[in-house]
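Please go over the structures that come below.
Look for subunit A in each of the two complexes below; its partner is subunit B in the first and subunit C in the second.
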Partner chain A sequence: MASVLIVDDASFMRMMIKDILTKNDFDIAGEAANGQEAVDLFNETQPDLVTMDITMPEKDGIAALKEILQQHPGAKVIMCSAMGQQSMVIDAIQAGAKDFIVKPFQADRVMDAVQKVMG
Partner chain B sequence: MMGQSEYLEVFIDESQEHLQTLNDHLMQLEKAPEDISIVGEIFRSAHTLKGMGATMGFEDLAHLTHNLENVLDLIRHEQMSVTSHVMDVVFESVDDLEEMITDIAGGGDGSRDVNETVQKLEALQNKDQEKAAASETAAAAVDSPQKPMQEQTAVQESYDEYERTVLKQSYEQGYNPYKIEITLDEQTMLKAARVYMIFDVLEQVGDIIKSTPPADDLEDENFEFSFVITVISSVEQEELKQRVLKVSEITNVSVEVVNVEEPVPEAESTSPSNAEEPAESAPAKKDEQKESAKSDKSEKHSGGSKKGSELNKTIRVNIDRLDVLMNLFEELVIDRGRLEQISSELNNNELSETVERMSRISGDLQEIILNMRMMPVDQVFNRFPRMVRSLSKELGKNVNLEISGAETELDRTIIDEIGDPLVHLIRNSIDHGIEQPDVREAAGKPAQGNVHLSAYHSGNNVFIEIEDDGNGIDKEKVIKKSLENGVVNEEDLEKMNDQQIFGLMFASGFSTAQEITDISGRGVGLDVVRNTFETLGGNITVNSVYGEGSLFSVQLPLTLSIIDVMLVEIGKEKYGVPLTAIVETAIVNKNEVYSAHAQKVIDFRGNVIPLVFLNEIFEVPDRESAKGNEYYSLVIVSKGDKIAGLVVDSLIGQHDVVLKSLGSYLSNVFAISGATILGDGQVALILDSNALIK
Partner chain C sequence: MSAAPQMNAQHINAITNAAVIIVKEHLGMQTGFSKPYVSGSQFMSSDISVVMGVNGTLEGQIICTMKNQTALSIVGSMMGGMKVETLDEMGWSAIQEFGNWVAGRAASELAKAEAAIDISPPVINEGRSTFRVEKTFLTIPLTSEAGEVLLHVSITPRVNE
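Up next, the complex of A and B:
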């Protein structure tokens, strides 16, 4: 079973994603509330996949993405963005994010992205 | 959407936090309109709210935040300046958001007519975009004729001579020229980013020769859902298709091999000059976008790291659970008292050692539990800047609110209660205290009035003070009004000092406002304010110099339920006097007691203080032991700067006790604030010494 690290500064959003993923038989490797926690938790848990929010305090998702990829070039990261963050999403894709999903999340869309990245 | 109820609580909590952040930062921004980093923070909160609102299906909330965010984005990118009007509209939308969240928290569906606010926000955007858009619209007008073209049938693509040459050459070199029509899902939200991903995928396996619509339009999302890309690649047709399909939100991909030999007759004339452009301008534009994205991000990053250090790891605990924990602990404290007593009776070394240790640990435990319930008064204070701002606008006054000591902590139960009375006091200060700017200037004061809200610790109390440099209180008016309303009689009045006279304002049915405004004329008087603070075990005093300002001072206990008392005995009954009220204890000889104004008094350290005989007040029977005693045991208590001596039979000692209310049947017992169970199972009543001092 694939394990996922969920990164979002809003615990509400983390709950949503967690719910979607666990209903689809994914393991939750951990939850991080900012970029730094994400980097630390990634090193600790080595998840198969990361869902990464972009706007977060302390360290944003793109900085965290870059840091994770630097240490683990094979890491699979899906960015979570909201409308109006086009340029940041593009920046993230350029930096090596595998895909992105847009808030508000819809379960099928999240799963579509996750499955495509994992497949 | 999914089962929402489980998220609702978290949603409400977090939304409220974000609203607060919005308010705080907006106030900061108003003070420092140039500080773009603050806008970043504001943007982030609005952004998160939008995401959460949309996910929960609160359309109006999402709609409003979306528009708010657009305005903030313009400010953030310095395309709009922070004017007072902009701030007003932004504040207004935050107010709307607050209403919606409150509605949701109250079980509502969060719907609200936000059209008016949205229109204002849109007007702001448009006003600012007009300038920038003027040039853009011209460009768009040129592009638009292309639109109908792309809506034609699938995989129609035309190439000019140059493109055909390129295709032909690459074909000859063993590459396959493909034209790929890609259709995005109709619900795709960031279309340009999707396109970018597709370009990215294709560029890994080949070279993109052309796209229709051109790359510029794709990046600007100037297309419906489908577009055509021509690419030369060495991979097979099917593999190319699969690679593109790996990108999500794509509904259809069809790949065709371009027949390079086939001449395309009409194509050349339809788009002669346009065709070359995209090939060149596309990479340039893309780089540009990368640049902007980068600078955007680094800006954010530096803004974010500043705030980061303040974040602590926290968990959310329902306050009810803390209450339960507190109750359980209170039971434990009662048993601890009993154990202590038993062990002192048995006089067993090991037992008393263990009990002592347990007492110490439970003391630590108590501190932790109490601390857990402590919250900074900032929780209450943080809404005041907003309030003062809108209030002073409403009244046409210029008021500066200064806050200090917002980090001072108080028990959560108290925090919850003091909000409204403080609102009332601050409103009073601004409404009745601070004068209109012209009046102020005429009186030789600066036009801007100051209200200083401060909180600080002192002993077991927290003081909250509201000081203004307004008009102060007219003593004569207070006297006149109190006499008129029968709050006081002239005889009593003569004995009163200034502070006591001002205190009359807290008597029920009192209002010195000359005209009733909708701010303070709400029918809630200062008496309600006083009652609230007194129920919490605190009190309020006021001092004022006419023409110079007033100072309202609220004294509050740090916590409610576990208090330190001095246990005293009267006859066979035991009473507890809160340590916070006690100045000292004393024993005086009966012949040192004098009578003055039909009141027994003693001369204590040069002060004449009245004696209060508790046995008379509480009608304590059976006081054999006290008779024939030549001395009075006194507990000297204070209330403000008034003191009195409580006469008791004997002093037992200091104890931590759990204050239990007397229940609703006995809610108004004179001078008793509650009861407690002592170590030996006896019940002791806790005195409210404030009621005993007149």
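Up next, the complex of A and C:
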């Protein structure tokens, strides 16, 4: 069973994403509420996939994405942000994100992205 | 003394559209808005306010305020149509996220008006309070099945000092 690290500063969003993933038989490797926690938890749990918010206190999702990829070039990270303007999406994809989901989302959109990235 | 900088109508439309899209398409509620009005440099909030900072080519604040009952309906709808009677930690997080959705969508709509902005993580203010700024608030009244949500907006082009 594939494991996912969920990163979002809002506990409500973590709950929503966790609910979608567990209903589709994914394991939750952990939950992080900011970019630094995400980097630390990634190193600790080595998940198969990460869902990463962008606007977060302490360290934002783009900085965390770059740090994770520097240490683990094969990491699979899907960005998940309410800020869906084109420039934000381009920045994230250029930094190495595999996909970009705009919040609020439907469960199907999340599962499409996850299944595509997990191949 | 120079006149207060005017808020751009295109920017106000972008924020209004964003709020309507979130409430209508994502909360599945009928919604509409009335004509925005100038509230001046201060306003009295309703029971709950979600405060967000705007940075980028525009700067200022977006404050989203509503009655407790309206917040409960919005949170219930965000949780898939549950009846929510009080806001617990998850409920507070949800109403914060509602503000984030509106502001995030506003950032996308503003990008179409060639304004590039970033939003700071939302802060919640509980209880009726007076909010003051040095500039001017423009208030966008949004009506929905959940009740009235007022968007108090104070954004002007960034001035490089």
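Methods note: the second predicted complex is superposed on the first by the 116 of 119 C-alpha atoms of A that agree within 3 Å, B and C clash if a C-alpha of one lies under 4 Å from a C-alpha of the other, contacts with A are read in each partner's own complex, and residues count from 1 in each chain.
By our rule, contacts are C-beta pairs under 8 Å (C-beta built on N, C-alpha and C of every residue); 3 or more make two chains touch, one makes a residue touch a chain.
A quick note: this is a predicted structure, and the numbers were derived from the prediction, not measured.
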- Query: Overlaying on subunit A: subunit B and subunit C, fit or clash?
  - Reply: clash
- Message: According to the stated criteria, A:Ala82 is in contact with first (subunit B), second (subunit C), both, or neither; which is it?
- Response: both
- In the superposed arrangement, does subunit B or subunit C reach more residues of subunit A? B
- Message: If we overlay the two complexes on their shared chain A, which of subunit B and subunit C does A:Ile93 touch? Say first, second, both or neither.
- Response: first
- Query: Is A:His72 touching the first partner subunit B, the second partner subunit C, both, or neither of them?
  - Reply: neither
- Overlap of subunit C and subunit B interfaces on subunit A (superposed complexes): 9-13, 15, 55-57, 81-88, 102-104
- Interfacial residue positions of subunit A with respect to subunit C in the complex: 9-13, 15, 55-57, 81-88, 102-104
- In the complex, the residues of subunit B that touch subunit A are 2, 6-7, 10-11, 14, 44, 47-48, 50-52, 54-55, 62, 66, 69-70, 73, 187, 189-190, 192-193, 196-197, 200, 246-249, 289-290, 292-294, 296-297, 300-301, 304-305, 307-308, 311
- Query: For subunit C, which residues count as touching subunit A in their complex?
  - Reply: 22, 26, 78, 89-90, 93-94, 96-97, 100-101, 103-105, 107-108, 110-111, 116, 118-121
- Write out the stretch or stretches of subunit A touching subunit B in their complex. 9-13, 15-16, 19-20, 34, 36, 55-60, 62-63, 81-91, 93-94, 99-105, 107, 109, 112-113, 116
